[in-house]
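Here it is, the structure, as C-alpha cells.
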Amino acid sequence: MKQNSRLATEIAGIKMKTPVMTASGTFGFGEEFSEFVDLNQIGAIVVKGTTLKPRSGNTGVRIAETPSGMLNCIGLENPGIEYFLTDILPRISHYDAPIIVNISGSSVEEYGILAKKLDIPEIAAIELNISCPNVKEGGIIFGTDPLSAAAVVKEAKKNTKKPVIAKLSPNVTDIVVMAKAVEEAGADVISMINTLLGMAININSWKPVLGNVTGGLSGPAVKPIALRMVWQVAQAVHIPIIGMGGIMKAEDAIEFFLAGASAVAVGTANFVNPSAAEDVAKGIIKYLEKKNVEHISQLVGQLKCN
Amino acid sequence: MKQNSRLATEIAGIKMKTPVMTASGTFGFGEEFSEFVDLNQIGAIVVKGTTLKPRSGNTGVRIAETPSGMLNCIGLENPGIEYFLTDILPRISHYDAPIIVNISGSSVEEYGILAKKLDIPEIAAIELNISCPNVKEGGIIFGTDPLSAAAVVKEAKKNTKKPVIAKLSPNVTDIVVMAKAVEEAGADVISMINTLLGMAININSWKPVLGNVTGGLSGPAVKPIALRMVWQVAQAVHIPIIGMGGIMKAEDAIEFFLAGASAVAVGTANFVNPSAAEDVAKGIIKYLEKKNVEHISQLVGQLKCN
Amino acid sequence: MPKIAMDVVVLENKHLSDDVKELIVYAPDIAKQAMPGQFVHLKVIKSEPLLRRPISIASVDEAKGTLSLIYRIVGKGTAAIADLKAENQVNCLGPLGHGFDLTCKRPLLIGGGMGIAPLIFLAQRLCPATTSILMGGRNKAELFWQKRYEGLVNEIFITTDDGSLGVKGFTVTLLPELLKTKQYDRIFVCGPEIMMAGVAKIAQSHGVACQVSLEKHMACGLGACLSCTCESKDGSKRKKVCKDGPVFWAQEVF
Amino acid sequence: MPKIAMDVVVLENKHLSDDVKELIVYAPDIAKQAMPGQFVHLKVIKSEPLLRRPISIASVDEAKGTLSLIYRIVGKGTAAIADLKAENQVNCLGPLGHGFDLTCKRPLLIGGGMGIAPLIFLAQRLCPATTSILMGGRNKAELFWQKRYEGLVNEIFITTDDGSLGVKGFTVTLLPELLKTKQYDRIFVCGPEIMMAGVAKIAQSHGVACQVSLEKHMACGLGACLSCTCESKDGSKRKKVCKDGPVFWAQEVF
C-alpha cells in the first residue's frame, strides 16, 4: 500500500499513516505479521498487554469459537516489561508504524511504574488496559469503577509525557460515566471496546470449554455493542476515540468513524485474515474515493440521526 | 411431540410439559405459530410485552441483521392490557401451555396495576420486563438499578398471587447484584437475559439503520454473554432461572441447563425456524436419552468447573 | 390452508439481468395454495445471514409444482440466494401474507423496479380479465420484463427516467392520461413507496379503487414480532405488513 | 521462505473412512516450502466458522504443486471443510510451524488416530532412511492407512484397543519390545497427548531421541495471540505450539 493523503491521521500527537491500528493482544509485537502486512505502512502497532513481571497466563484451553465471535482467556501471558524493552523493542522500533504499549497493573502504582519505564523515544503512546476480563488482580476491576479508572489514568499521566490512552471495558452499565471519568483524569485518548465477558460449555464433558471458565468475547458478534458505545461516548467527551470490536472489513471501520471514532483497531480479524490491517485501510481509501471524501476525518462523527 | 417424562418441569408452581418456553416479543401471542408448534405441548407461552395503554412502538426501520444476531427497536408496540384481556386471551387460554404475561410499566405503580389485572386464573405467571432497551420511560431504567428493580418486584408481588418472574437486563456491570436485589424483593423466578443495547449504521446514507438509532441485540451472537450471566447468577441466588439468549438448538439449551437454568426460552430462533420451541425440546429428549439422564433437572447447574 | 416451512429443491437459478435473477424451486404444497401478492420467506441453509429474506411469488406453475421468485441482488441475503445452484436446497416458509383482490374486470397493473415481478403472477390469475400494465424503470436495461407479460396483458405502457424506453418520466407522469382515456376499474400497484403513494393519490382523484403492496423489514413473517407494522390511515389498529398485507387497499395505508 | 495466505483451488475431497476425508488442494508455493510436521491454517470462504482450522500437511506432490490434508470430521469447521467440492476455493495459510528434524538413519514413526496422517509426509522425506511405523487405533476400521505407507516404510506394526487388527493394546504396549529388538536412532510420535507422553517416557528410558507433535486450540497460527502456548520443561520460556512447534523434542515439553 502506498501512503495515501486521505488517511494520514494524528491523534493526541501520535502521527499515523492510516487510522487503522492493530488491537492489543491480537497482533503480537507486530513482527509475527511482517509477511502479511507492511509494518511501515499501518497506522500503529499496539503490542500485547505488558506487565511489570513476566506472566504465564491461564492454563488449559484459551480460546473458543462462538457464533461470529471468539472467547479468549489468555490471561495476559507476556514476558514482562524488562524483556520487552531489552529484547523485543529493539527488533521492532525501526518500523515506521508508531509503537503503542498496552499495559496492565495489579495496583494503581504499577501502572505508574510501567508508564515511567515506557517514557522513552521508541514508544509513541501508552494504552492503559483497565479492562482485561481474564485476570483477577487489576484488569477489569479498574475498568468498571470510575474512581479507580481515574486513579489509574492520573498515576500514568504523572509518570509519563507520552499520550495516555485509556482502554474501556464494555462490561459496565453506563460506558459514558467511565469515559467521562478517564477524560477528566487527563486521558488523551479513549480506546474501546475491550472484550465482553462470556462463556461456553462443552455439553459432552459438562465442563467449561475454557480453562479459565469465562473469557472475553470479541469479533463481529460484538460489533453492534461496540458501535453503540463509541457513539454514546463520542457525544459525551472531547478527546479522540479509537474504535474497535468486530471490525473485519473497511465497511465495518467506516461505521465506527461515522459513529465518532477518529481511528480504529482491528483485532480478531487478524486471525482470520493476517493482512486485515492493510486490507481495511485499502478498502477505506476506495470508499473515500467513491464518495468523494477528501479525508477520513470528514467522516468522523458524521452520523445523521434524524 | 408426545409428552415426555424426562422434560416435565415445575418452577415456582408453573407446571410445564417441557422446560422450553418462548421468549416474550418473539412469539406474538402464540397463535401466530400454531401451524408450526403444538401449543398444547410447549413449555409456556410468554406473550409480547404488554403495557397499561396501547403503544404503537417506534417509527422507522425496526430490525437489522448483524453477524449471528439481530437488533430490534420495536419499542413495545402492543394493544394494551385491556384489549389483551378481552380480545386476545380468550383466543389462547384454552391451550395447555401456561400463559405468562410480560409487562412493562412507566412507573413502579403501573407494574402493580398491571400485576393486579393479571391476577386471574387464565394466567400462569407474570414476567416483569425491567430491561427493555427500546423505550425511554420504564424499561431498562428499572433494570439497571438494584433499588428500582426491587421496588418493581415488591409492587408486583403486593398486587398478585401469581408467581412473579423478574427479567434481567444484561446491560449492567454486575448482573449478580441485580439478581440478588430481585430475589430479596420477593421475585419467584429470574429470567435472563433481555437484549444488549447495540447499533448499526448504513454507510451509504450515513444514517442509523434503525429508526430508533439503537436497538436490542439478540440471537446466537449474545449466547456466550447470556450463558456467563446465567452461570454467575445461578451460583448467587436460590430461585430458579429461565435462561435465554441465542438458543437456536437443543445443544445451546443444554449449555444453559448445565450453567444453572431450570428452564429456557427460545427467542430469535422462532424467526429462523418457526418450529424452534418444539425442535429444541425434541433435541433435548434425544440428548437425555443418549446420555442416560432420566430427567432434565439432573442437568441443572451440573457444570464441573475443575 | 396451512403455512409450510420446509427445505425445497432448487430447479433453476438464472440471471435475467446483471443483478436480477430468477429462482425456481419445487414446492408443490406452497404452489397449490399461493395467491398473487403473497410471498415466501427464504433461509439459505448453513449460510451466514441469520434471518430469512422475504421474496414475492413471481409466478406459479401448479402443474409442475414450482414457484418462480425473481429478486435483485442487493446485499448478503440475496447474494446467498444468488449462489444457490440446481439441486441445492433452500428453506422456504410460505405462502405468507394476504394477496390481491381479484374481483375486477378491467385492471391496470402498475409496477416499478422489482415491483414488476409479483405482478406477473397477478396477471396470470386475472385472466381472462382485460388487463393492462404500466411499468416504470430507470432505463431500458431495467425493463426486460415485456416477454414475461406476453399473452397475459392486452397493453403494455412503459416509462423510463431517462427516456431510453417508452415515455420519458415516471409511471405517475403517464397515469392521469391513461385513467382519462381508458375505463379501468382497479389499479394494482407494486414498487417504491413514493411511487405507490403517488399512484394511490391519482387513483383516488379519479375514483378508481387501488391496491398497493408494501415492503418492510421483516423478521418472523408471521405477524408475531411486530417488525413490520405500519400506521393505518383508516382509523383502525396498526397493520402488520407480513400478515394483514403486504397487499392493502390504498386508503388503509396512504 | 515467506508464509502465504491465499485462496487455493480444491482438486479432490474424498472419504477415506466414514469420518475421515482427504482434501487435495493446488498450492504450489506452499507445497514447495512445506516440511513434514508443518501445518496449514484453513478458512472455508463464506462459511460460518469465524476462525481458521489447523490441519497438518499429510503429503506433498511438489511436481503437481499439491498438498494433501487428511482430517477427521469432528465439528463445524471440519464439517465445512468436508463440504468443499472440486473447483471450490478455500483460503490456505501456510506452511506454518516447525517440522521434524530429519537427521536420523533408523527412525521409528509412531502414530495414533489422526496423528498417523502427517507421518506420511515425514516418511516420504525420510527416504532413503530405513523407516518403520507403529500405528495404534481403536479398531481395524480406524487403521486404513497401510496402503499410504507402502513403499515409504520397511515395517508396519499395528496395535488396536480391541485387538481387531495387529496386537491388542496400545502403541506403548508394543514399544518397549520394539526398542529392545531393533536399533532405532529416533522416534517421531504424533497422536493423543497421553500416548505421546507415554512414548516419550519409554524413549527416554531407552536412550532414543524423540520428537513429538503437539496440538492446541489456535487462533492466529503465527505466534501472535498466545492461544496455544505450553509450558516448557527445559527451563526456557513458554513455547508457542504454532510457531516454536508443533514439533518439539520430547524433553522440551514432557
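The letters A, B, C and D name the chains in turn, as written, and every chain counts its residues from 1.
In this section, a residue touches a chain if its C-beta (ideal position, glycine included) is under 8 Å from a C-beta of that chain, and two chains touch if they have at least 3 such contacts.
In UniProt terms the chains read A, B = Dihydroorotate dehydrogenase; C, D = Dihydroorotate dehydrogenase B (NAD(+)), electron transfer subunit.
Since this is a predicted model, take the numbers as computed values, not measurements.
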Those chains which touch subunit B and also touch subunit A: none
Label of the chain whose CA centroid is most distant from the centroid of subunit A: C
Distance from subunit D to subunit B - Cα centre to Cα centre, in angstrom: 47
Between subunit D and subunit C, distance of the C-alpha-averaged centres to the nearest whole Å: 56
Whole-Å gap separating subunit B and subunit C, where each centre is the average of the chain's CA atoms: 36
Multi-partner residues of subunit D (each touching 2 or more other chains): 48
Subunit B, residues touching no fewer than two other chains: 67-69, 219-220
Chain contact graph, described as a line, ring, star, complete graph or other shape: ring
Touching chain combinations (by label order): A-B, A-D, B-C, C-D
Touching residues on subunit C, where the partner in the complex is subunit B: 2-3, 5, 43, 48-52, 76-77, 93, 217-229, 231, 237-238, 243
Complex interface listing, subunit A residues touching subunit B: 66-69, 71, 144, 171-174, 196-201, 203, 205-208, 213-214, 217, 219-225, 227-228, 231, 246, 251, 254-255, 258-259, 287, 302-305
Interfacial residue positions of subunit B with respect to subunit C in the complex: 25-29, 32-33, 35-36, 48, 56-57, 61-65, 67-70, 72, 74, 77, 79, 219-220, 268, 270-275
Residue numbers on subunit C that touch subunit D, as the complex places them: 46-48
